[in-house]
């Protein structure tokens, strides 16, 4: 299934693009997607943290992804 | 009543105060987060804020709703800026009105503390000799 | 740096914020105490504030000095109004800037809490059917 | 010796005047002045509190007054 990846802040510097199309096997979890992304972009592992938000919501890593989900890479936030 | 805003335009403190003013509010607390001219002694030239806009707005809305529920406040204005900011400009303004001042202070502080933890907005500091995404690395 | 003011004129929140703004201040907290339209369910028509002026100014100055010392703040503006106030008008504005927000919040709260205990200013609430000096009787 | 009394808020409603000239014996304390004022204006005793400030300063009741001191009657303050 296809997942859309959005990268922000330093995560965008690392992935090189705001939007990426990412293939995962059906039923993959957020945790499995994280693993797959870190394999392709090892520098993500150097960050203080990266949260994955699915369709604009923070979710547990165990959540099963669905076709066309939009997953955002959220490095440490620093607003305010 | 809540007024949530994410904008590339200059923030307007008077608009925030006017929004929260009410005849039955005895206290208004306003927090203004401004762009500092130095970090760890190093001179900052300007800042850039980037946001995951729909989620940032949704999280700001949640924070203001939680604060209203938790502290019994009357009205909250929560405005955050994005794009390029010069030194001294406001990055965030939070105004809270409440019947009594303790609730206004507590809710305002809750909003800025929670915003800094959860709202997907990123700050890049630009120095003379480079730039850095704040807090990205351990 | 401190800006202490006791005046019969309308208070100006922008003047207070401008005074405390500084390139090395990351956070500004502003408290605005406004005139409420009711006390214990009874409708307030207007308020009158009376001050023992030289002592009120001296006490306000002391409070701002103590806050600066205690919390390490940068600048404090502390303006209080006297005379007749209409509903919704600001009776007091306190603006505090500090390198970090916790100090700004703590100092602002210290100022308003202490002001309400020690500064010789008295508020009279005028109702349709009478008037009362607030807090005078046990 | 002569002391100037200033009354504010409800204390002014009770004494009837902003300024009063008050005679005390030399060396009288703030506490003795308070007693003398309450004898003349018993309604002062009904207030939640009355602090006496001497020359614009809060002082202990034991302080000895001096000729021409300015003493303010400070009923419960309610600024802010």
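Chains here go by letter, A, B, C and D, matching the order in which they are written, and residues are numbered from 1 within each.
Criterion: a residue touches a chain if its C-beta (ideal position, glycine included) is under 8 Å from a C-beta of that chain, and two chains touch if they have at least 3 such contacts.
All values derive from a computational prediction rather than experimental measurement.
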Shared interface partners, meaning chains that touch chain A and chain D: none
Geometric centre distance via CA averages, chain C-chain A, whole Å: 48
Where chain C and chain D are represented by their mean Cα positions, the distance between them in whole Å: 26
Sites on chain C at which at least two other chains make contact: 33, 112
Contacts with 2+ other chains: residues of chain A: none
Overall pattern in which the protein chains touch one another (line/ring/star/complete/other): line
Chain-chain contacts as defined at top: A-B, B-C, C-D
Interface residues, chain D side, partner chain C - complex: 6, 8-10, 13, 46-48, 53, 56-58, 72, 74-80
Contact set on chain C toward chain B in their complex: 13-14, 17, 21-34, 36-38, 87-88, 99, 101, 104-105, 108-109, 112
For the chain C and chain D complex, residues of the former touching the latter: 33, 49-52, 54-56, 58, 80, 91-92, 112, 115-124, 133-138
